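Shown below is the structure under consideration.
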Amino acid sequence: MSDNPILVIGGGPAGLAAAKGIADLGRKAVLVEKEEYLGGTPIKEKYAALTPDFRDAEEAMGEMIKAVTDDGNVEVITNSTVTSVEGSAGNMKVSVQNGGSGKTIDVSSVIVSTGFDHFDPGEETQVYGYYEYDDVITLTDAEKMLKEHKFVKPSSGEAPESVCFIQCVGSRDRQIGNQWCSKVCCGIASKDAMEIKQILPDAKVFVFYIDLRAYGCWEDDLYWKAQEEYKVNYIKGIVTEITKQGDKLIVKGEDTTMGRPMEIPMDVVVLSTGMEPSEGTKEMAGVFNLPLESHGYIGTIGGPLNTVETSVPGVFVAGASTGPADLEDSVSMGGNAAMKACAFAMKN
Amino acid sequence: MSEHKYQDSVQLEQVIVDGMDISGHWNKMFVPRALTQFDISGLEQLRDIPGAESINNCYQCAKCVGSCPVEYVGSYGPRKIYRKLQIGTNLIEDDYLWLCTTCKNCVRVCPKEVNMGEIIPAAREKAVLGGFIPDEIQEMLQSVSEYGNPMGESARKRAKWTKPIKDSIKNLAKAEEGESVDVLWFVGDFYAYHGRGNDAALAMVNVFNRLGVDFGILGEAEKTDGDSQRLVGESGLFEDLANHNDALFEKFPHKDLVVNDPHAYNAIKKFYPGITGNTRNVTHYTQFLSSRLDELKALMTKSFDKKVTFHDPCYLGRHNDEYNAPRELINSIPGATFIEMPRHKEQSYCCGGGGGGMWLDGLVANYTSERLSTNRVREAVETGAEVLLVCCPYEVSRFEDAVKAVNAEGKLEVMDIVEVINACIPEG
Amino acid sequence: MKILVLLRQVPDLVEDLEVDDSGKALDVSEIKFKLNEYDEHALEEAILLKERGEADEVVALTQEGEGSEKVLYTALAKGATLAKSIAISGEASDSAQFAKLMAEAAKAEGGDMIMVGVQSVDDRDGQLAPIVAASLDMPCISAVTGVKVSGNTASIFKEYSGGIMAEFEADLPAVIGIQAAEQPPRYAPVSKIKQIQDSAEIGSLSASSSNGASSIEVLALAPPPKGEGAKMLDSGKDLLDVLKDLGVA
């Protein structure tokens, strides 16, 4: 049995849940975070409200962070990255780099929870003009505005009359190389659409989709609610390209249930950009020699029945570093990984 | 219909340009197909009408389209209505509003509870108030408000059908208030005025008499039940009719109020109470007769050696959940072999007469390849049945026309269940 | 621009008409009255003119009596701006006398155009428009199917037998006998009529019968004699037999 602490890499929802879980099980945890703050993507990207429960992101994540930082069993090291590892199961020596200085920590096991990056729509094979047109924005751009309780045309600062979301940007695309569904964008777009309607009740809001994937209870908590209570219009058929005409954006594509082409003017277009393995995730895979699964996320060994164990003994993963994950997935995996990492430390 | 406007080409019948005749296909032009705006004002207007809110909930699964009887002979269904509302159609002013027969088959399958049974009458009420009424419906409404029946027949001749009855019949139109009967029989328009309805009405009288039922009719005082008027959006007229008829029900004490028209059953059971505050013990005649099945069986000693099938009326079946009473009667017909049509009970195909469809054949024909009744009769013929049994007075005339349309004359007969029952009771 | 529309209640032919004991008149106790169909067209045309902005006021007028309120409330529900019933003292014993009474009422009300139905079941001669016009010294055009008004003149369209269309111009005031409005008469929903009944008031006019006795005397009124009736044939062969008997086949 090793008394060394358990290393958690990445302080987002999965890592916070893991660190708190380890502490609750009576063991020491070291939480290493690249940024100077904890909270992960919801904080970094300035999310307004969490999906699906509309809780204020800063407040909700703040509670999670406080639970970790207040716990004497957790040592938090921010502004730091893990650069190398030596030794093997039960007794690993991990190098942690903080700016110019570095130190080595002996750990009993490791949880990698380094999350995802949002797809950069500049890479899109489709022509959405994200870097050309001010009024083409991403979900995260929308979140930033909504956090300020406003939603405007970036080009003019005026309230838009029409807003549309384009789903599956950077997801489900063999040509781009991202063949996965990013799982959360349909729900988040629906949530953002509702928040826009709360601010601008008269705005016409549309969501263009290929398949609407509001899985589980997001179906009625988000999708139905947006349509029925907030009068958001869902149009089946994806947008192929965007052009500009005067101060309007023209979204072109097919309205598939009408079987007709469409060229619709919009004031603001929100690209529902999907998830990709983050840089940190790729780096940690290299540091710990973790095999990637076919999509480029960190692979696990148990298929659907063991979602956190890697093929390297003593190294576990949680959250979106293993594939597209929502908050429920991430924190559940964080807890699961904590339990398994503790068990590993006790056995080795 | 706007679909045509967008999707078809336009050609002017007669055009002469610079002395050159370019009439017809020479000037054919295609209208741009691209949607250039989602004008959702029609959707906003409709969902704001009380009763029509649920139109907004459609998520395009298209279950309704697969169940819509009009779709089988045209292009229709709530899903398609919803989409039209998003691209500029104002349903209130569109022919599309009038194709729905309110058969409720879509309501049965809709996962989002988009209730066309409520949306359509609410929207039509708005259309009627705005003056957007098809000519055929206007004529029908005019007749009902003038004469109390949609045929425009004299109200005074409503009991004329009773003339061939040898024994007298208790006509309460001339009776004093308080005159009581066991059964108050609400005869209905088609039984009273339509030739084939008269046949069924006379059969009904004989069946009542042979069962020893003490019954009375309202005769000239009765007016149409109003359900079809309600469903085409004339709620004011419906209210008047409900109050008029219910006052008669009140005037003549009775144990059972028997109706032969499922639309009357629907109106009196579900919609009169909201207007009059009175609940009546209304039963459809198939329910009344099946409650006396043992006595009836004893009377039905003549054999009816035919293969029969049965059409479930929308307003008895889907609207009021009664599938068994008519089947109990049919299964008691001595000698008859009962074959169900593929689409029966909850899945029954609509005859096209409900929701005002009875008076919309002209308009509906512009959007359909054949009448719904024709489609239905073809199904009946395919079962190999010799008799198509019905228990809604609208259907005898509709289906008899359809039998001619599919050249099944002599092969398929259309009969009201009560006519067959009566035919099985020997004189005596 | 003010249009007066004269509305008449006429026997409803849905009911069987009975001749009274005198043998010279209909048994009115057995008659159901309804608004004359052509008058509905006259009202429709007037309301269309108002809706097109070519007329400002449409005043519906009818003889006071049983059913007159219903006629007038319905006219208001359809879009008439004002409705008045005409109390007639004495009795109009022929259509000419009736027309003169109507003219008297119309004159009292005052208007730029008087519209009436071209004829009615009890006035197949179409006397009302010409006699009203003559009494008021106005031009009269009858059997009209369309009207346009511009300033003080009206363009009037009528259709002659054989499908010939004619357009007239008339100085106003004028009397127009409408054969058909440009669209079928509209329907007045019951709820709208009820709403009008609660909110609108019906005005009144009067006209007195001072024309003396009618110069026309009804000698007899009777339904046409019954024929021998038709014979229904069951088959083509029966038809052939009949034709053979008649010596034509």
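Brief remarks follow.
Chains here go by letter, A, B and C, matching the order in which they are written, and residues are numbered from 1 within each.
The rule is simple: contacts are C-beta pairs under 8 Å (C-beta built on N, C-alpha and C of every residue); 3 or more make two chains touch, one makes a residue touch a chain.
Computed from a predicted structure; not experimentally measured.
Ranking all chains by how far their C-alpha centres lie from the centre of subunit B, first place goes to A.
Distance from per-chain Cα centroids to the pooled protein Cα centroid is smallest for B. Centre-to-centre spacing of subunit B and subunit C amounts to 35 Å, using the average Cα coordinate of each chain. Averaging Cα coordinates per chain places subunit A and subunit C 78 Å apart.
Computed centre separation for the pair subunit A/subunit B is 56 angstrom, with centres defined by C-alpha atoms. By the touch criterion given at the top, residues 204, 206, 212, 223-224, 227-228, 231, 233-236, 255, 257-258, 260-265 of subunit A touch subunit B in their complex. The part of subunit B that touches subunit C in the complex is made up of residues 128-129, 131, 133, 135, 138, 141-142, 145-147, 152-154, 156, 234-237, 239-240.
Across the complex, subunit B meets subunit A through its residues 6, 33-38, 40, 44, 47, 56-57, 59-60, 79, 83, 86-87, 112. Chain contact summary for the complex, subunit C toward subunit B: residues 12, 14-16, 32, 34, 184, 186-187, 189-194.
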